[in-house]
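Two complexes follow with chain A in common, the first pairing it with chain B and the second with chain C.
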Partner chain A sequence: MTLIVEDLVAGYGDARVLHGVRLTVGDGEICAILGPNGAGKTTLLRALSGMVKVRGRIALDGAELAGRPPDALARQGVAHVPEGRGTFMPLTVEENLRLGAYVRRDRASVEEDLERVHTYFPVLRTRLKQAAGSLSGGEQQMLAIGRALMLRPRLLLLDEPSLGLAPLVTRELFRIVQAVNAEERTTVVVVEQNAHLALGIAQQAHVLETGRIVLSGTAERIRADEQVAQSYLGYRV
Partner chain B sequence: MAGFLQQVVVGLGAGAIYASLALALVLIYQFTGIVNFAQGELAMFSTYIAWQCVAAGLPFWLALVITLVVSFAGGMLIERVIIRPVEGAPELTLVIVTVGLFVFVNAAAGWIWTFLIKDFPNPFPDGALSAAGVSVSFSTLGVLAVVALVMGLLYVLFQYTRIGLGMRAVASNPESARLVGIRVGRTLALGWGLAATVGAVSGVLVAPLLFLEPNMMGGVLIYAFAAATLGGFDSPLGAVVGGLIVGVAETLAGAYVDVIGSDLKVGVPLAIILGVLLFRPQGLFGRAVVERS
Partner chain C sequence: MSSAITSVKTSVKTLAATVPAARWRWLAVAALLAAACYAPFQLAPFHVFQLTMVLVYAVALLGLDLLVGHAGQISLGHGAFFAVGAYATAIMLDRLALPYPLTLPLAAGTAFVLGLAFGVPAVRLRGLYLALVTLAVAIFLGPLLKRFEAVTGGSMGLTLAKPQPPAWSGLAEDQWLYLLTLVVAVAAFLVAGSLLRSRAGRALHAVRDDEVAAEVMGVRLSSYKTLAFAWSAMFAGVAGCLYTWVIGFVSPDSFTVNLSITLLAGLVVGGLGSMSGPVLGALFVMFVPGIAQDINDAAPGVIFGLLIIAVMYVAPTGLAGLAGRLVKKVPRKE
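And then the complex of A and B:
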């Protein structure tokens, strides 16, 4: 699924956060969004999943998505793993996963996908009947990604998957995101503070500063950029 | 001993009615975080619709079905028209809106049907079952059976259906529910419709015991609040258990504590509300809000 974003303006009330973002993510690519706190990274994802009002153009394989509500976008195959993971705390792990497939009507393949999510995240299988709120942070992040996969997304949006997780758990999560991307050809947009990890799995990256994209390129090029290295990677090239 | 058991049975009968209205309160609270002060009045209005149908010559059970359907639609309509515009407003605003709805529905009923009391037919046969010196009227058995049925249907709806799962998702995390594709607005309206329907059942159960008049549900609402507080405002099961406990406590206090008698019985639910809020604010079955993050 090719994602094309043009002149995207978004914000909350009168406060404008994004000032004309333009980016293209190719079919089956992973795109990393880097940038400092407050740059508008989360808002960009929220715009892509219909959670904030937008102006401009968002097209997924030609279908216009801008201005449509989140539930309609979910039906279009946009899965958003939100900041804070969006866990349905009192519901069981299994119910959380099934909710990911809420808009799907193909019951048989939902069961298959449940099985598939268990193979990606074996720990979830052992917790199926447990309240999701009792999972650890890392497990909840796995649950959130598993829930998103249950949609069989055409576009997967990940907001800070590493937030609050141990480095080992984070690496494991990114490895799985990469595997999912490779196996299912899901287009992924990932917002991430940990630039090393994000650039490690992404084909291309964009640097967002105060609502504008200030640098775009392949992951290697961005990694090699002196400015980025200083600001986000913590070393000089 | 038989006298004591007799009082318990009477208490359970009353408690089942409180339970049904408490169930309606809890349904709305779960979905919208709103304590609906107008729940009793909506139930009263529904009961008038049933009365009107019966007065027009329809058989009772048909009148009941019509009432439940109209109540469901009415509940959804109220959510759309009155609650939606104040969605996310501060608690005080929401309280005032539901109190306003209370006054409006009460006055509307008085305007349409006058404040004169009306006889409401009892759907259950006269007579009673007796065993070991305790007699249980068919009316009490009927009320208990109906409340058990409502509880069972809600349980099946929430635990075993796709819509029910969606409703629980909305109650737990509306934003995340929207992201998985649930139409949250529609679900909230559904919750109000469901609550209005359950409330209508409680109105129809109360009316034959009291008389039908616009202020009929005032007292019942207080007991329902006590029941929901005791059981936990976020637990349907708690509402039912709480209702039964409140009913029994009230009846026993009235029968055995001289100073209370039948005049001060209404003090019992208030004492229960106060006690619960002081010592266990989440109620018996409610979740204290403590979560790992």
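And then the complex of A and C:
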């Protein structure tokens, strides 16, 4: 699914956060959004899933998404893994996963997808009847991504998947995201503070600063362009 | 002697180990139901009446629990929906002379529609603000009922004939009312249970636990927040209808703000978000004020309040949570 974003303006009430963002993500690509705190990375994802009011254009394979409510976008196949995972703590792991398929009506293939999520995240299979709140941080992040996959997403939005996780767990998580992307051909937009990891799996990257894209290019170029990256990201890539 | 005790203990343990937990629950429910059917034929009429009122409150608390325990909202005015159900029934019986079985679905429907209307502010308000709005509803209902005297009977209220047992049954009035209420209450619990296990129930829990995550998965927050109010009001309306059948009298003074507060306190004491919580809460609301009166005739309210505090101290998750913890202590495996 090709995602085209043009002149995207978004914010909260009177406070504007994004000032005309323009980007294109090719079908089946992984796109990394990098940038310092407060640059508008989370707002960009929230705009793409209909959680904030927007102006401008968001098109997913030609279908216009801007200005539509979140449930309509979920029906269009936009799955958003929110920052901090959004685990439904008192519900079981299985209930969490089934909620991911909330907008789907095709029962039989939901069962298939449950099985598919288990092959990506074998640890979840052993915890199905357990309260999701009893999972570790890494497991909850896996649950959050698994839950998003239950939507059969055409566009997967990941917000800071590495937040609060051990480096080893994070690396494993990114490996699985890469596998999902390779097998399902799902287009992925990932917002990440850990630029090194994100550039490792992405084909292209954009650096966001105070609501504008200040640097775009292939992941290799951004990674190679150390001096630019350093000045914009404030740390070595 | 001690060896006999040990062998009994072992056999209880093996029994506990062989029967899975889910089946224990069904056994407990079946035993409770059997006792509930047997009770009216063994107890004095006054006690049968008390048990009937426990069932009425249990249905009201079940409705309130849908809103508070399962949808994570708050209502300090649920007595108003209870009153709407009670008054709708009374007006239908008295002014329209409808047969009483018809009043149940109509009272439920009336409360549902009103709940839907009051669910709209719930979409925008939360926490304390929502509590305040619902409290206002409970406060203005009394004066409103007194104002439209031609329909509501004003402050005198309405006195009605209670549903009479059919001649073939050979039952006394109190037994008939109890059994009617029991059937409706069991049906209400079955409906609520299947609602909560459905896709809609999961969505309701999702909205309660994380609004953002629920919304991005396609759950429409506004629909579920209003629906939770409507469902909740509907059960309160059913309870109100049962109340009118059983008491045969409604007046504005029966449904003060105090009723709303008592319902919420009963639910929290019973336990939020479980099926046993509303029943335990109803038992508490029905019997503990009497116990408080026995302890100290001069200040039963103070004793009742202290008892609530004591229960919340011992069982912060309510009586249902306490019961759950005790059950878990029973050894399941050798």
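Just so it is clear, the second predicted complex is superposed on the first by the 227 of 237 C-alpha atoms of A that agree within 3 Å, B and C clash if a C-alpha of one lies under 4 Å from a C-alpha of the other, contacts with A are read in each partner's own complex, and residues count from 1 in each chain.
Just so it is clear, contacts are C-beta pairs under 8 Å (C-beta built on N, C-alpha and C of every residue); 3 or more make two chains touch, one makes a residue touch a chain.
Being a predicted model, the structure only gives us computed values, none of them experimental.
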item: Combined model on chain A: chain C and chain B, fit or clash; value: clash
item: Which of chain B and chain C A:166 touches, first, second, both or neither; value: neither
item: Touching partner for A:63 - first (chain B), second (chain C), both, neither; value: neither
item: Which superposed partner A:214 touches (first chain B, second chain C, both, neither); value: neither
item: Touched partner set for A:224, first chain B, second chain C, both or neither; value: neither
item: Chain B versus chain C as contact partner of A:134, first or second or both or neither; value: first
item: Touched partner set for A:71, first chain B, second chain C, both or neither; value: both
item: Contacts of A:182 with chain B and chain C, given as first, second, both or neither; value: neither
item: Chain B/chain C common contact set on chain A; value: 49, 51, 69-71, 74-75, 79-80, 82, 86-91, 95, 98-100, 102-103, 147, 151
item: Footprint of chain A on chain B - complex, ascending; value: 162, 165-166, 168-169, 172-173, 175-184, 287, 291-293
item: Complex contact set, residues of chain A against chain B; value: 49, 51, 69-71, 74-75, 79-80, 82, 86-91, 95, 98-100, 102-103, 133-137, 147, 151, 164
item: Of all residues in chain C, those that touch chain A in their complex; value: 199, 202-203, 205-206, 209-210, 212-220, 273
item: Contact footprint of chain C on chain A as seen in their complex; value: 49, 51, 69-71, 74-75, 79-80, 82, 85-91, 95, 98-100, 102-103, 144, 147, 151
